[in-house]
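Mind looking over this structure? Questions follow.
As written, the chain order gives the labels A, B and C, with residue 1 at the start of each chain.
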Amino acid sequence: MKPGKIFRIAAASLLLILSSTFTFAQEATTGGLAPAIANDQMYNRAIHIMAMLLIGFGFLMVFVRKYGRTALTATFLLVSTALPIYMFAKGQGLFGYGSDEIVKLILAEFGAASLLIAAGAVLGRLKLPQYILLALLFVPFYMFNEWVVLGGGLGLIPADSVIDTGGSIVIHAFGAIFGLGAALTMTTKQEFEKTIETDATSDRYSMLGSMMLWIFWPSFCAALVTPEQMPHTVVNVIIALCGSTLATYLFSVSLRKKVSIADIANAALAGGVAIGSTCAVASHSVALIIGILAGGLSTFGFAVIQAKQQKWMKLIDTCGVTNLHGLPGLMGGLAALPVIQGLNMGSQLSGIGLTIIFAFIGGMITGKILPVMGRKTEAYEDADEFLDAD
Amino acid sequence: MKPGKIFRIAAASLLLILSSTFTFAQEATTGGLAPAIANDQMYNRAIHIMAMLLIGFGFLMVFVRKYGRTALTATFLLVSTALPIYMFAKGQGLFGYGSDEIVKLILAEFGAASLLIAAGAVLGRLKLPQYILLALLFVPFYMFNEWVVLGGGLGLIPADSVIDTGGSIVIHAFGAIFGLGAALTMTTKQEFEKTIETDATSDRYSMLGSMMLWIFWPSFCAALVTPEQMPHTVVNVIIALCGSTLATYLFSVSLRKKVSIADIANAALAGGVAIGSTCAVASHSVALIIGILAGGLSTFGFAVIQAKQQKWMKLIDTCGVTNLHGLPGLMGGLAALPVIQGLNMGSQLSGIGLTIIFAFIGGMITGKILPVMGRKTEAYEDADEFLDAD
Amino acid sequence: MKPGKIFRIAAASLLLILSSTFTFAQEATTGGLAPAIANDQMYNRAIHIMAMLLIGFGFLMVFVRKYGRTALTATFLLVSTALPIYMFAKGQGLFGYGSDEIVKLILAEFGAASLLIAAGAVLGRLKLPQYILLALLFVPFYMFNEWVVLGGGLGLIPADSVIDTGGSIVIHAFGAIFGLGAALTMTTKQEFEKTIETDATSDRYSMLGSMMLWIFWPSFCAALVTPEQMPHTVVNVIIALCGSTLATYLFSVSLRKKVSIADIANAALAGGVAIGSTCAVASHSVALIIGILAGGLSTFGFAVIQAKQQKWMKLIDTCGVTNLHGLPGLMGGLAALPVIQGLNMGSQLSGIGLTIIFAFIGGMITGKILPVMGRKTEAYEDADEFLDAD
């Protein structure tokens, strides 16, 4: 565990140095409501998002048959590391100062969601302490990107000129590309050849995770919108999810002859990913179209692209985060260009471009650092770290 | 898939024609609260209901051992078809005009709940695209009944004179009887003779669905009541559920010698079904009595009536929706007669009668149409439609 | 069932006699909000707590491989018995009068949580009707302790001078010690020697319960705090849970070489137990420290103390509630001494002491009474009470 210790100290030092340099004020979005009311409204969404983080992402990853105990424990460790670090750093003024407790909590949850996406790409190939290290390395990169793209950090993009209400770009695409970068540098030949097994019980657990994400996705996207925007936003998210769910079924059965339950559990959510940027302003018809396109794109990714991509890039993306969060996330960010009137197109494109670059570099660095703590003996199996694992 | 296409076009045309003829204004029930506050209160309940639709109904149906992947995928498809259609039709003024986004969403969820109940009767015997067709056929019938019974449509019953706050009549009984009608016309001899298998894992998944429904049932019944009525309503629902849960255990062990977990997972919810009509006004003692009676009635249905009914009517009601939603729903609607002071008894009885008729006719028509798309090769099994199904 | 009947009548009589003697007014904590708003805020937390009671505690107990059907049914019966009795008794003025419906509901849920903890100690060794009897016996003891420790009952401790916002003392420690008392008097030699089996599926169900508790714990602790205290309280609870989750992993792997998934599913929650008393006032750093210490203490309990304690006390604590709720609960109550300024130390220590005494006596009496209804034939197995159990 010695190298882990070194990196922990390094990360902490980095936080302290940076925290004294860059700051910007976080605006509350209470829309004229009394704080006692606005806080409670945001609190309920924060709890909904927590259900997405733990049961949603956690159980979605239980599809790996012999790795369920680790997937759920890793989810616990990733969330428990990311939330306090993010909130502490934000409270200290790192990459933007935050004073409101519930707003800070929601932003930290957004970061944890992005982290869980990144972890999905390398799931099954890290030892438990490496998930903690992954969280420690991920959070500063994530906060830096969020600050540059949304908060005007470094002066590259004017603050608030990139439209990404529900995080298609800075949460989903960032997490997926970060994970891809990490997978690229650390996938071994042995991992590359090993089959990932599933069974009926692990598939149904995976659907539980998927449904939990589907149900609470409107709260994720509407967590910080104004009360006036909320109704339109949540209905948009639901319509986009309906669209992607139906499209996923149609594409899965068309592309594969028989339906893959993995397509359903994953690509059905692509509408939520892709509507993220434009959820507060798109019309319902546009939301439906974005959802259908995202579901089709994501299913095409799982059914057709994934095998080729993995061969070509010589990597394993365990949960297929490229197809669920990467492509639909980018699509969602780009959808703002035709959909949103008065959009600063240069900002939006710069935001997407910088996110791709920062995420990929961050992921590659992280993929180089993680193996310093060693490699998991047997990929995708609980047995080398858990008692009584069958 | 050609016949499916024809019906889709027919359903769409029907929607368009009808949408220009009947309209009535939907009243908001904000009870003096600012919209920003009332919307958020309703939104939280809308999300609770979404959890009931997907994880609640979905996992309750996973009790069929080899059909879990399909049951969950079908739930996704039913909900994803019903919600946008209902909201679109309502927005166009079909069977009553709705302008408030969150109210429309909740009403659409009510329709989706009723649809899931209907689908429970024929579960395991439809191919996946037939669930989509079922949703397309069900929604107009449901909206028509809702409009006639609650909205004063066709001038048969004065608007708002039938008391059915939590939908005992128009949601539960309608869905169950619709499903029964469909099962009646489409059950084959082969299906009739095939045993439906369960195991320990599918039983525990089923209990997860049941508990999810139990937990959020108060939000279902109180979704659109005034803020003043909310506390009394939600406590009534909880008390009724406690009553039916205890009664279910007592009746199950008395009628069968040993307890059936299927009784527990299903009949425990009968109190929620039956308190629906009177939840806002019954006293707590009456709520307890309604809950106990509903639990007893439902368990008696599962333990004694179901086998005889299926033989007699030559049909299979896969999930026993007659016993969980049909009988307790009708009981709940009738309970309003002695319980609610100043009730328009003629309206209440007409509302129940018309619901039975419309639901049964709608179901029979649907049961005739569905097989046009063919029959499932092997009932209650994932394997003919899913990859890797064991 | 005759002896059960006798006790039911006795308990009801006890309730009636006591209800006419002691009363005190329950204060609402609306903090200046309109009732229509305050009630809705409390209602959402009440529903969150309901999810903890049924799916949280229920599925956490499914870790016993062949006892899942009973564990879930018992959860249903315990909750369905406790809630109406508590609300009825409170409405009648027993151990403090309560008029507000939602406040009464939340207090009843607190009692049900404590009951589920107590039941965890004897899980697998009661017949189903004995769980109902356990609830009937537990609730009066619980209400009496709550009234003496928090409500100034009997004049032993000034009302509101014991600080226990989230129930470390009166909910968690009380339930655990009550369960311990019951286990002490009723564990048989045969039960003592029988191994409790788990498997991969039951372990993952257990993690589902654990995560459900983790997610909604902030609502449990903040259910009745003022709107001003809410943000700080919920962030404290989340930080404490993050601390205990990380500490649990580190202690589990250190003490056992390999990680035990039972440690993770249980001890990760110890931070929520221990922060209960001080959640509204501790600083975030203190919350983190309390969480880490509680996670460490609880894991040490499961890994080292439990086997010795069970041998020494000649009892089986099925779910290890001593280690999850007992020790961390007492730790949380004592943590108020250094943490809270202006605390009445005498009151706090008396409250803890009286809780220990009342709970232990209540549990021992209950453990003597329960076996009057007979013993379960085969411990930890569904088969003697359920149809089709494998």
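Brief remarks on what is shown
Throughout what follows, a contact is a pair of C-beta atoms (placed from the backbone, for glycine too) under 8 Å apart; a residue touches a chain by one contact, two chains touch by 3 or more.
Note that the structure is predicted; figures quoted are calculated from it, not measured.
Contacts between chains leave no pair untouched here, as each chain touches all the others. Taken over every residue number at the interface, the positions common to chain B and chain C amount to under half, indicating a different-residue contact.
The geometric centre of chain B is 35 Å away from that of chain C, both derived from CA atoms.
In chain A, the residues touching two or more other chains are 37, 44, 201, 208. Contacts from chain C toward chain A in the complex involve residues 31-33, 37, 41, 44, 48, 198-201, 203-204, 207-208, 211-212, 214-216, 218-219, 227-228, 230-232, 234-235, 238-239, 241-243, 245-246, 249, 253, 256, 258-261, 264, 268, 284, 288. Chain contact summary for the complex, chain A toward chain C: residues 35-37, 39-40, 43-44, 46-47, 50-51, 54-55, 58-59, 62, 66, 68-69, 72-73, 76-77, 79-81, 83-84, 87, 100-102, 104-105, 128, 132, 201, 205, 208, 382, 385-390.
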